[in-house]
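The following pair of complexes shares a single chain, chain A, combined with chain B in the former and chain C in the latter.
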Partner chain A sequence: MTVHNLYLFDRNGACLHYSEWNRKKQAGISKDEEYKLMYGMLFSIRSFVNKMSPLDMKDGFLTFQTSKYKLHYYETPSQIKRSFCILFRRESCLVTLHCPVTPIYVEYVVKNPLCSMSEAIQSDLFCSKLDSFVRGLPFFSARAG
Partner chain B sequence: MAIFSVYVVNKAGGLIYQYDSYTPRAEVEKTFSFPLDIVLKTHDERVLVSFGQRDGIRVGHAVLSINGVDLNGRCTADGKDVIEYLKDPVNYPVSIRFGRPRLTSNEKLMLASMFHSLFAIGSQLSPEVGSSGIEMLETDTFKLHCYQTLTGIKFIIMADPRQTGIDSLLRKIYEIYSDFALKNPFYSLEMPIRYSSA
Partner chain C sequence: RMADEALFQFLHNELIQYVYRSAEQGEMENGRCITRLENMGFRVGQGLIERFTKDTARFKDELDVMKFICKDFWTSVFKKQIDNLRTNHQGIYVLQDNKFRLLAQMSGGKQYLEHAPKYLAFSCGLVRGGLSNLGVKSIVTAEVSAMPACKCLFIYA
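Right after this comes the complex of A and B.
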């Protein structure tokens, strides 16, 4: 029961930030290609869900689950997408992750005059705050069980 | 209705069976006078709302009928283009019905194949060893469950998010598929399942 990795994408598909905590298996392709594949998959799932849904949607695509992990997805109104890859078994982590990451991002990236909005985030402060936040989550364990 | 639809996808990603149970789609009919304050656009042989959301008419809704007569793609039943028809003040006041567009069978084929690929990518991008593909996809209006058999056939069910017992339903559908489709000597494997209710 842990957090594996986290991706942050901007509205055009560029990966702004990626960090991993407990990743056992790499994708077998280069990092750039992995980011593009992940973004492409999320974009396709979003349009798939839009077409398939029998009723009008409010939040859209939320999570998907496989036998080994659960991916949580969150999109801000300004179209900067967040997606998390997390081991399943706890359902409640969905809501808790959405709220705190946004303030960290706003505080350390948006308000930083030196950080450009469409480039990868280079702020060390952002990385370290995000890291300590994720490690402090109640369902995070350093060794995946 | 708790179960919205059932799809069966073969090894290659082609749709071989599809079942929709009736879902009440919200439709809104209103009378408009010239000029129309809703911006329409043509997309994929349908006329969709692109701007001007109000009164239950949302962005993405399609124009379903004009003055009670169902549309034929982008044209009215008489063959006139809808956008041109609505630009002419002579035709007003006009009563237009908007609603979520229904999927055509071509679109269902494409979406089933798209899901087949997404299933495989979900397994490739896994941070853990030995992960299967996407087994459950959750949104705020529906939950999609997928069961992949050992032979590569996928059974996909779209249901209400609160519905339980879908896993056993998927196994049961697999049983019915093997009993009635596979044991039928005239059925060719991986081909669309055709039936007639005689």
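Right after this comes the complex of A and C.
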């Protein structure tokens, strides 16, 4: 069980940040196309789930799962949406992921006057803090299963 | 209390952006922006020191004043203690803070280094204002070689 990669999107679909840790297979398309594909999918699933829900829903789309990995999606009320791709495991690790990336983002991007909130994140400090955080997660392992 | 710190940080950052934006429109040079920020800090520092010392006893000498600035004043304003203080005993002091609060979110090394002086100007003024109201005329400058550590140089006039 591990963390494979992480995408951070803003409200308009621009990819602010992408990191990968254990990605054995690439998508075979350019990075820009990949971001568009990921965002498009998230956007579509979100509206699909909201529309077709037989009950009133609070959070909406949270995760999808395949035989090999599980994708977790988290959205903040403000601009940013984020999604993670994580290897399948029985228990949901969403609870632990809810809090952590937001504080890192707020601390090192929002509070950095030289980082514009609508552009791709260029702060090295943010990248390194995010990286140490993910590597420190209890379910992270350096080798993909 | 945590909200206060965030509020000041956001305000401080926006202040700097504002001064520089107005400068672009009014055709002011870069150096004048730094001076403007330093002067703002100076006036704030004067007020702050009055507030901090209203119940304190008089300081007996220059060294006492420096100790107050470096311990109580710095800790109250920047929420942490300084890491080192050196002097040549002839009016020059060098203060070192290895994790300066206003630079800690910016970078962990050399990235954005060229912008650091803008984000130190207000704080230099702040300390200079504090010293001024304690009767000490000084020049206060700061230098950064790798964020978030910074060295603050005091030269007593």
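Here is the rule we use: the second predicted complex is superposed on the first by the 142 of 145 C-alpha atoms of A that agree within 3 Å, B and C clash if a C-alpha of one lies under 4 Å from a C-alpha of the other, contacts with A are read in each partner's own complex, and residues count from 1 in each chain.
Simple rule for what comes next: a residue touches a chain if its C-beta (ideal position, glycine included) is under 8 Å from a C-beta of that chain, and two chains touch if they have at least 3 such contacts.
Not measured: the values here are computed from a predicted model.
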Does the superposition put A:38 against chain B (first), chain C (second), both, or neither? first
Looking at chain A, which partner touches more of its residues: chain C or chain B? B
Taking the superposition as given, does A:30 touch the first partner, chain B, the second, chain C, both, or neither? neither
Which holds for A:53: it touches chain B only (first), chain C only (second), both, or neither? first
Looking at A:128, would you say it contacts chain B, chain C, both, or neither? Reply first, second, both or neither. second
Is A:63 contacted by the first partner chain B, the second partner chain C, both or neither? first
Looking at the overlay, what does A:112 touch: chain B (first), chain C (second), both, or neither? second
Where on chain B does chain A make contact in their complex? 4, 23, 25-26, 58, 60, 100, 103, 107, 111, 114-115, 117-118, 121-142, 144, 158
Residues of chain A touching chain B in the complex: 4-5, 20, 22-25, 27-28, 34, 37-38, 41, 44-45, 48-69, 71, 85, 87, 144
Listed in rising order, the residues of chain A that touch chain C in the complex are 107-108, 111-114, 123-125, 128
In the complex of these two chains, what residues of chain C are touching chain A? 6, 9-10, 13-14, 16-17, 105-109, 111-112, 115, 119
